[in-house]
């Protein structure tokens, strides 16, 4: 669709592209804001014929997304900006790109603050909250509630095999929040003492599925069984439009050496050790997503995606992923 | 109820009582058979007035159970024998005790064989079976099916914190059965590839709850959610009559040092580490108990208890536990 | 089946029959024990040919049941005794009747004590318990737990239209138990603060349905929804064999004047006011029946009935009800 | 955000503010329409610099909402108007305010008519409909269906403790609709004879929960259990955006004297009588909201809120409530 | 176990064995009664040493069952008789066999009458009843209810591919019962107009699964979804003990020519047409089994089996099936 | 609302109206595109006063819809175009109509291609897919997946009474896809071997119900029970706005002669044979709608309708249906 390569890309934009590629720019939020920044720069520095601005900025957008189309926050930043110039051309388009990029950056910067404020409202004095793995969004929600003087307690899982739950336990205890630390498999025993589960999010699909650290879906299932609220706290840039067009989430498989030692593997060569990084929690088990936009019911995920990135964003992202990976 | 202490207890019986107390006699099966043996010896060696035989043997029974009333197999062995002389006295009672003790011992000895034969029938060629922790009963069912030429595969959990799943993986692989070894928290991701779950049992209550290694109830919940059969393989002596009279199962709490290191505890003194040994799986999630008597639907547990140990056994066992622990 | 009417019925037996008919003998327990007593007297005073004893006692049994076949405890007492002489004749039968009648009376007299002991075991320190209407069995369970030093609290419904819940509130408060008194329709708001529901029982069917004061099934439904245990406390004589043979429970319809005033009815002649006395709670919502025999899972109701009254009792009772009411 | 207080508020607007404060202006619809009217007047009478119109009208809006931020219809009216000038200034903004206020007033006036027309379409000839408490919206739906010649029947609850159900019974009977009047606790007994439940609404949250007269959620649960449709009939101004930002619904607690007499309380000083006014019905149990906009699936409540009041309305309303009550 | 073949089998017994083998004796009831008759004859005509009677009669039993071990009623008849001499020898055993065989024959002969009487009790005036395929037991229940003057209506499926439902429609219409005849796939559309489903039974497993004409489980599922009662009417001889020992039900696969024509198969050689005869309905969807013994809750199936055929019957039957088919 | 009939309708538009009326123009897609074309022509050929363009084009729209208001795709095409000129008049309105009509035609033409591409993404290599009846959309999704080299297999129902499943079996087999052909009533037996169900759609309501060939809802129920994904593949023009305003779907009743022969009906005059063409599948059982716009969660159907046809479309369509049929 966007073919011409005769357009000059400003050096700052090239720098950002390199930064994302080389992983110098990291973290869902930072990547997303850099991409919006790049579009803004490209718009500001555009010196060509204004009639050609729209194809030009689409070309830059395309180039940006191709850097890492599977990182959900990157295409989201680009689609946020680009979807706003749908019917515009010339100077109107250019101004809209600049304004939308600024808007996106502001939204993203305030995201953690805003979502922790919203999340803390859901927490009542005396609540016992269960969490899993380690999530900055969750910790900031809990800290906010604690700072508001609510006397909360936390039950957290160790999160095998990498024990990220130990980080969460340490951080929360250092804030002063009472923490009970438990093995993953004992989750169902403790769920009846819990008022609320809050976990983070890797990605959220258009039909409200949550992709998060393996074990999340078991906790969600146990919470559902016991009638306990289950929330995922996350910035809105984790909502993925790709699934809207039939795209599938691929779960990363990690090294067996995180599960057993090299010696054990040698001693038991016929045992196949598997170590998936994430699992998928269905929307039925999720009370809501605590985001910077508000508390989103899972079934309304598609609404957020449409509002923020446009209905076409899923289809386009999938196309770009396929090009990248030459997937049929 | 049974008060007289002027009766002479044969030395062999005293030996068995000591053996159970000192843990020289160990394992649910061995303890149970020793208790039955003790009753048989007491009956054989009884030289007193035959009219007093029934109170005498009840006295011995009482003494035996008090040795360790919380070990479910011990009172079960005793009630199996004693419930059969309910309305009998004299020589009739004596002969019945001897016969019932022999019966019980034979039943118990053949239990593993019989249940593995019954369990193997439930397994079809090509089945993928999930198991948790390490259970001799489960391994013998799987081995039986494998020896029958069924091409089965096993997915087994590592079973934090003690990693008993590694033993299971090693043993099954050494038999030749293909094993996939996974972290506990990834159970729900694999459950859809599984045809059947089989776990062991610590205790089974009169209303069909299964007490087993922590994590069992989460697997059962995930199996139920996905429509996968969930079995527990166990000898009938694990069925506990106590809950029939309102008795409660107390879950052993184990050392936090199985979960985190001593250093970690010192570094994080405000984190409370909990490590429950077992959990409780409700009957709704259990397809059946694979026992030496047959495949018992959970709701029929009370029937097994009544048939094998008599309706009064629960009440009596509870009384004895309370005396022992002076529980109100 | 039992036709001869030339047998002489002892006067004491006639007295009991009159007492039940005239409602001089009242209350499920008292009626049942009187009926057993009547059979015992008939057996003791029998002077006829011993070969005819079995038909004779069946004749007396028949006569007793016909007095009030719909009062579940009355035929149950009779069947308890009669089912024990199934294959017996002559002196054996006579002795068995006397012994069984005594057994029944003893069981029934100890019933409340025994069930409150068993029920109290299910209650843990700190429990919040919800109850509905007014039930002696429930009050005695709660009192037992309270006397054991357990710090319980009770939430009880007012139980429109007759406000029997006010009696329960008053009685429990006088014992010292803290009581929260609520309107019937607010049950679902309080159920999440509750650890356990205990209600009484009017009748229990062979497949585990509970007939009890209207509103019971709504509370059971709300308890089920929230994962709260739901028990019914009752003597075993409330288990009805009739439903085993297809018999149906008929729900008493009470006066509209319990719901609205006479004036209101006159002012609103077109409004049809209905006031059913009981409703039916399905076994899926019932954790167990707390009885003098133990904690019975609802699905095992049929087992209790078979053990206590014999498999034929349902069929026979239904026949007698039909004769009485000339129902097709 | 809106600070300046040097703006002159027209007297008519001040009058409306006073009217709402003093409860002279009452009823969700009337309050909402008055607030829209106030904004219109403020816009019409504005004589200041047009560049300052947007901050001015926001100031008036703010002032209006602060009058009673917890009355859901008031802020909704204001947000309806204000959200439409999001990016506008000057004369454009002024005209938009006037037009939007008129639109809102028209919508609100036609609401009852429109929703009763839509609701009546859902009712088929011969339907038996259950209702609870007294709701003008429900009565108008039923009357509409009846006037269309549909032969409906109504089962209605007495609605303890205030017996508002008696009003409903009287009103419906006077229209000619056959009414069966029942105690609240018998709801589950009648639900199987019912084709449809329709109740009113106090408030509807962004994730589709219904706040309504206590007892509503029990009826909804029973309807769900029996597969009966459950609708709530309500104007769209009852949809509350506040929960979208994590806001919580606070249930009014009413006097115990509505439940028991003063004498009873004195006689039973240790009994704590509670009397909550409303309860919360989860979206899973609600077939749809019958509104003037159409039949809204509960999960689409957030869509209505976004369309009508803007995504920011929840956050802003919550802020204003917090200011008002100085809630953290 | 039973090896000696030097015993003489009376000619009448040989005749019965031949009759069953050659399918001259057909129908579950007739086969069962013939087998009981054979055991009675063998006992009556026994002229050997009475000490050897028990092994002898076991030998005959064994021979009978081997005739057709997969026909559930045949081994059931044999186990009914044989389980009653468990601990008996000599004349006692012989008399017991004769008495038990007579009992069984009487029970079986009265079965249809008895179950239709019990089933009819469950049907109320005005009921709409759905049925599937053609079952004599169901027809006799419906006819009984009709003859009692109950105004029932029946909805029946055509039951592809053999259209046995047309027979049912014709038979019921000839009795006078109003019948609505529908395609199998429209079952869910009609289930809400239905008060009760009654189907027949091929076999019932020990844990309460129903094996019946394909399509039964879909109807049961739809009935369960809509809260409609679902019964299976059947003689108690259809309860199979084999599954108690882990035995599996094998579903007969019938000819594709019942589904499509030979021409069609030739024209579409790559289409694989499958035609299973039966399917399996899980106990959760079954309200009860209407049998000659009473209305059996599915979870009590194991109780019936134990009472009627003994706990060992399943294990023995399975052994005999395996011998027959040399199944591992 | 639109009354004037003095406007001249271009002959080409009259032709299209005639074509739709006389069924010369057939098929949901073709009818819809013709209607859009008609609006475009009417706009292009309009020679009247531009101030009157909006009422004029509404008049044409009205005329078009009245041709067949129950054919969901026809009013949808019209509302798609008309809802876009809501606030426009004059030349703006005219241009918008032309542009929107073109847009609609393009969308509709690409629909099958686009949805088969999206649907094929959901299918993984090795999948077993069940389908029902014959749907062009489903066949094209399957063909697309097959052409992508995915080794899929299909299980398809015969779809009584018209056996459209035979067409599907033949078509798929001719493509090369392995097909297993089964009777409708055996669906539940095969569902556990299936990875995914895909069916077509007749109509989709605003709250996500699927109207499709009778039997669809039974398959959906069985899929839901077994945790199998259930999709409906359909162009977006099948989404019906009418239900949003309380409109009801009327299920076509077809001739009994499709079910039984004329002879059979004559021989069994008292049997009432019913043959409904469609049934209704509730949104709870539907994973998603595979449409040309993306994979729509059922609960987001209302969003599609609002985006595509406007919120008022349902109300207007219903009004027109009522006028047509003079329904109250």
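First chain written, first letter: the chains are A, B, C, D, E and F, and each begins at residue 1.
Assume a contact is a pair of C-beta atoms (placed from the backbone, for glycine too) under 8 Å apart; a residue touches a chain by one contact, two chains touch by 3 or more.
The structure displayed is predicted, hence computed values, not measured ones.
J.: What rotation angle, rounded to the nearest 5 degrees, superposes the C-alpha atoms of chain A onto those of its identical copy chain F?
T.: 120
J.: Name the pair in A-B, A-C or C-E that forms the same interface as B-C; by residue number, over half of the contact pairs must coincide.
T.: Selected pair, repeating B-C: C-E.
J.: Quick check: more C-beta contact pairs in A-C or A-B?
T.: A-B
J.: Centroid of chain A to centroid of chain E, CA atoms only: how many Å?
T.: 58
J.: Roughly how far is chain E from chain F, centre to centre by C-alpha average, rounded to an integer in Å?
T.: That pair's centroid distance is 47 Å.
J.: Please compute the C-alpha centroid of chain A, do the same for chain D, then give the distance between them in whole Å.
T.: Whole-Å distance between the two chain centres: 36.
J.: Two-or-more-chain contact residues of chain D, please, as numbers and ranges.
T.: 225, 299, 303 - these are the residues of chain D that touch more than one other chain.
J.: Taking the touch definition from the header, please name the shape of the chain graph: line, ring, star, complete or other.
T.: Topology of touching chains reads as other, fitting no named class.
J.: Of all possible chain pairs, which ones touch?
T.: Every pair of chains meeting the touch criterion: A-B, A-C, A-D, A-F, B-C, B-E, B-F, C-D, C-E, D-E, D-F, E-F.
J.: Quick check: in the complex, which residue numbers of chain A touch chain F?
T.: 206-208, 243-248, 299, 302-303, 306, 311, 314-315, 318, 328
J.: Which of the residues in chain B end up touching chain A in this complex?
T.: 157-161, 166, 169-170, 173, 178-190, 214-215, 217-218, 221-222, 225, 251, 259-260, 264, 267-268, 270-276, 279
J.: For a test of understanding, state which residues of chain F touch chain A in their complex under the given definition.
T.: 117-122, 124, 148-149, 288, 290, 293-297, 299-300, 303, 307
J.: Mind pulling up the chain F residues that touch chain B in the complex?
T.: Those in contact with chain B are residues 192, 225-227.
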